[in-house]
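Alright, structures below, take your time with them.
Look for chain A in each of the two complexes below; its partner is chain B in the first and chain C in the second.
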Partner chain A sequence: MNDMTVVDNTVETQRTKIAAQNVNVYYGESHAIKDVNVEIEDKTVTAFIGPSGCGKSTFLRCLNRMNDTIDICRVTGDILLEGEDIYDKRVDPVQLRAQVGMVFQKPNPFPKSIYDNVAYGPRIHGLARNKAELDEIVEKSLRRGAIWDEVKDRLQSPGTGLSGGQQQRLCIARAVATEPEVLLMDEPCSALDPIATAQVEELIDELRENYSVVIVTHSMQQAARVSQKTAFFHLGNLVEFGPTGQIFTNPEDPRTESYITGRIG
Partner chain B sequence: MPTIWLVLVLIALSVAGFFLGRNRALVSANGNPKDLHSLPSYYGHNVALSALVPALGILAVWLLLQPMLIDTRVSQMIPQDAVPEGTTLGLVMSDVRRVAEGLDIAVAQGAMTPEQARNVRTEFSDVRGRLGEVGVALGADVRPEVMRAAQTYRSMSNTGTTLMTIVVALVAIGGFAWSYGRTHKDFRARNVVEQGIMALLIIAASLAILTTIGIVLSMLFETRNFFTLHPWTDFFFGGTWAPNFRGDSELSILPLLWGTFYVSLIALLVAVPLGLFAAIYLSEYASSATRSFAKPLLEILAGIPTIVYGLFALLTVGPALVRFFGRGEDGILGVEWMTGATSVLTAGLVMGIMLIPFVSSLSDDIINAVPQAMRDGSLGLGATKSETVRQVVIPAALPGIVGAVLLAASRAIGETMIVVMGAGAIAKFSGNPLEAMTTITTRIVSQLTGDTDFASPETLVAFALGLTLFVLTLGLNVLALYIVRKYREQYD
Partner chain C sequence: MTDLSQTPASGETPMPQKRGQSLLEPSDRTKRRNAAETRFKAYGIGAIAIGLLMLLVLVTTIFSKGLGAFQQSFVTLQVELLESKLDKNGNRDIDDIKKVTTFGYAPIIRGAIEAKVTELGIDTPLKAKDMAGILSKDAAATLREYVVTNPGQIGETVEFRFLAQSRVDGYLKGRVSRDSIGNDKNISAGQLDLVDALVAAGVVEKTFNLAFILGSDASDARPEAAGMGVSMLGSLFMMLVVLALALPIGVAASIYLEEFAPQNWLTDIIEVNISNLAAVPSIVFGILGLAVFINYMHLPSSAPLVGGLVLTLMTLPTIIISTRASLKAVPPSIRDAALGVGASKMQSVFHHVLPLAAPGILTGTIIGLAQALGETAPLLLIGMVGFIASNAPDSIASGLLSPNSAMPAQIYEWAKRADPAFYERAWGGIIILLVFLITMNTLAVILRRRFERRW
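Take a look at the complex of A and B:
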């Protein structure tokens, strides 16, 4: 566990980007998230950790209203993005999702060319006025996704033909292309090998310069490596939330300590 | 002894075999089932199946082959000059069979002794009258050679049946004895029964395949007969369909093919958009409650017999179209474009309705097979539902949807009842959908109904039409399955 001691990530306090207040989520009868309060800061990587089924992914999906696509899911409480309630009736979930991008557990490139994958979001939201601008957005996004050099000569070949790690970086580039303010990542490395994981982790660290990143992960080393803030979920409760270094070296709650030392989970 | 008794005896033997075999196995293990290799019932089944299955198989083959063999043998007895002008050997043989049957009935009713039936000569006795008394009416006096052939036929089938009974009984008893003798506590009855069941399943599968091959072969032979009577150039490249009975029919498939394609095209124009949109609604938009009643409701359409669709075309859709496009001043549009209820449009519209559930349920399955991750990815980028469907789900599902459309097209091409009732009977090339036209299937029906003479090209053309249709739909199905399968591999 040498990794956990290298938390030298800066913990300067940033502006609050997303504030969740008393959030409860129900799947039909079951109560998946219980009274969660959390403040996610701008230009910071926030990691959600916890055992399987603790609700961390569910909570992440609340942040861009992806849970709306599940019929039986019900959310109460307030989630404020830049001070505005995203569950307000006037908010269009479609616009919200352009602001709060998402990268999924399994790389899911569309069955289109690499170029069209990245251009998908900008085209939908009309971000480019002409082909040249679109080309520019695609190139910029692929560079941000740290995959430009690998694919620049084959932008028209299908995105599904890339390797797993490349696919995931393509998906990150695709999410970045819509110029989101927040990037949600649901276990982005769980389907990747260690080398691809390292590449994606490096990328996450770079993304911090421009975005607020929230990452759900099962790997505590990964949380320690990439995040500045860590939230520990257990059985639907947010047990502890604080600077990553503190959570891993000096947790306040005995449950957090049990989890990171491997006694529960 | 009638065959049914033989079968009943076989079944009784096999049931007895079950209990005897089971008992013997238990006895060999001193009544303790745990000492047996297999469950006691496996030993019973082994004896029952060994007694029944081979015997039944031989019985079935025998029943198929015996009439064929006897027919060939007896038909050799009939001299060439005994076949009257204008008839065939086949007709004389059916006379022979009828007389033989009559003699059987006469003996059974006591009007003749078996001795008389064997020896009666038409030269000395009014056989026609005597058979008439027992209810077997013959068209003409029985000629001596027919009588002799009938008597041979009768004696041969009697010998054959007796022989068959003996052979089948021996095989059954042999199978019974052999497997009963092998029944012992160490005998691996379970494995043997398992193999027996596999053999049964293989036989069932091969019967289905052999039947298909048989159908194709019979069509091939009749088609070859047709092409010996009629030039194939006219069939494939002629321009007119005009069968008559003077012997100078023009039998070209092209006008029929045109009608078939035209009706199918209209049907697909109706079915593909409606079916596809219904599938998209059901799989992407509908709540599970809506889906759970709307989908079965839509699939009811697939269960309606096509004759009912035909009635709907003839009595509802056709007259409605005439109200729109016909009747001159009295019509809704005030035009005189359509005269009768039967037209390409009538049949096409109704066939399109019939095809909706095909397209929709196949497309629904295919759309559901597109991984949820694709939709999540698109929705997560801020796409709306319809943008996701249009730009991600449909392109991903497209090969499968094309396959579904091709399957629907092959249904449309082979559909019969709706076009018989809705499309009309006039074979012609025309682009006007309000005119009556005819299709391949309709012509097959009309060439084969009523009085048919299987030696004339006007009848035999039905087989050539059928074979062409078969090749067309088979090609479409193979193409569709290939496309669907290729698509499946993408996500597995």
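Take a look at the complex of A and C:
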């Protein structure tokens, strides 16, 4: 694939959405993330790349405290969402996750109807006052997930009956239904075929207008295609962070260059 | 491996020579492997055949011995309810009528059977008292009960179907023969002659016996009147207690352990002990129930409530283990999805995980209940076994608190008694119990198939 061309490297300066300062993550004894500092901007797609086990998914899961569900996981340092420390004792992770949505590696729709999949978030957060409003939110979210036209006639059929790519777009629609400010995506295309991948990538580009998107990916081509900023992780360290164009064409660190040219990883 | 070196130089292309052994002939190793596989399959088939044979023997034994209990011999007689014996004052005062004991009814029954024998012209040397001996001792009670409930019928002639005495019943079922009654003071050869004649006349006949399924236990002298019904109610009330307690407690405990509890030494100990609890012999639970529920808490002994509490303790580990297994089987991606859209831990469990685990929980519960239904040992210790000929309980409170038996305990009780007629009823009781157990297990399988979700 000769697709290393960086499509969109116009980086306008945006204000910082999430700022991570000296973040360390430990799984029991092992030190998974080492002293990471990164600033994720609003209305920007930020890609995390790096070899398997480098900590990029772990770091992503810190951003909405999904790591809280793992008993032995410990996080130190500060992660500020709009200036507020999300690891502050007073922060309820449930409230945080409504603002920082997440899309997972494997499409994981609830085994319920398409409608209920999307309506679940708004329901538990009380975003709709009545059925009509809920219908509206569901339609808007499915449109944003670029799947409305495919499912509008069968909203009551089960979400698990869709194809893999459709399921993933449904999951994205479900994530945006709660009106988050940040959307975290953990290798959202790794289980999809190239056509579905292209659809999801196109969707990510559209989502940039409204959200700050952070995407973890194994595919450097994908990072180059969809992101404006790229962070390269290696062995738990954030090696290099900068505009995507610069990372792929003119990396500063020799490790980044080795990885991009396929010598490590 | 390449065969390039063997390519001949000439222009023609011959078939390449096979260098190793021919594929058309299995090597020694392959033969040995195949032989081992064939042997293993044969062992498997043998094991299954032995199992099936045992099952067949069991089922045929149970049915050949137990089916008799569902049939009973009855004697149909026209009884004249003489006013002179039953209501001397003639004013139909129910209190006066009740004063006549079953002894008072004996002459009426004697008269009825004598009249029948005379009417049919049967020649017999028996006296009326011996003729009436072919009837169950229950006959007088049946008659009295009818008169007490229908005092208006006094003076009329009413047709009754009386139970035949158990020896007569056994004679018609082939259990009792003329050779075997030599020392039996309950029946004589003359009475059997009379029975033969009455069978020929259609007065004595064997029919389906609903009373065996619905009735209550009866004393040693009247095996023909004994039934499973009341002990079935005892079992039912126990199962209600078990279901009402074990299901919520078990499910709550499992959800907490599986979804909320931190992983530490304390939860490890709890986990190990739940598994241990499942392996504790049931009689231990019985003695615990005796010590705690009866001696310490002073709950009534022999009560289904206590039985239910004891069986709850016994069923809990089964339910907890199966519930935890079905919670574990729900993929973590569903929990992630729920947490990812901002559901709380409890919302993710109750909205998503629990509904998906429900079929498994239900199946585990039904199997736990089926186990509890067949359990006898703990009931022996809390006094739910013994002669309990009470009538069916009339309310839920009395069903829970008044002494009762349970199906397996009733079977045990019958099997203990000397009269072979009770032995037959024990086998019949086993059939009823097995029907319940098989129904419950089938239900569990159907529910699992029906609601099982694949993803």
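Here, the second predicted complex is superposed on the first by the 260 of 265 C-alpha atoms of A that agree within 3 Å, B and C clash if a C-alpha of one lies under 4 Å from a C-alpha of the other, contacts with A are read in each partner's own complex, and residues count from 1 in each chain.
By definition in this document, a residue touches a chain if its C-beta (ideal position, glycine included) is under 8 Å from a C-beta of that chain, and two chains touch if they have at least 3 such contacts.
Values in this document were obtained by computation on a predicted structure and should not be read as measured data.
Overlaying the two complexes on chain A, which is it for chain B and chain C: clash or fit?
clash
With the two structures laid over each other on chain A, which partner does A:I70 touch: chain B (first), chain C (second), both, or neither?
After superposing on A, A:I70 lies clear of both chain B and chain C.
Of the candidate stretches 37-45, 109-117 or 145-153, which in chain C collides with chain B after aligning the structures?
With chain A aligned, chain C clashes with chain B through residues 37-45.
Residue overlap on chain A between the chain B contact set and the chain C contact set?
Common to the two interfaces on chain A: residues 64, 66, 69, 71, 94-95, 97-98, 101-102, 104, 106, 108-111, 120-121, 124-125, 171, 174-175, 178.
Using the touch definition up top, name the residues of chain B that touch chain A in the complex.
Counting only chain B, the residues touching chain A are 287-288, 371, 373-384, 387, 391-392, 395-396, 490.
Touching residues of chain C toward chain A in the complex: what are they?
262-263, 331, 333-344, 347, 351-352, 356, 453, 455
Help me check something: in the complex, which residues belonging to chain A touch chain B?
Answer in residue numbers: 64, 66, 69, 71, 94-99, 101-102, 104, 106, 108-112, 120-121, 124-125, 171, 174-175, 178.
Using the touch rule from the top, collect the residues of chain A that touch chain C in their complex.
Where chain A meets chain C, its residues are 64, 66, 69, 71, 94-95, 97-98, 101-104, 106, 108-111, 120-121, 124-125, 160, 171, 174-175, 177-178.
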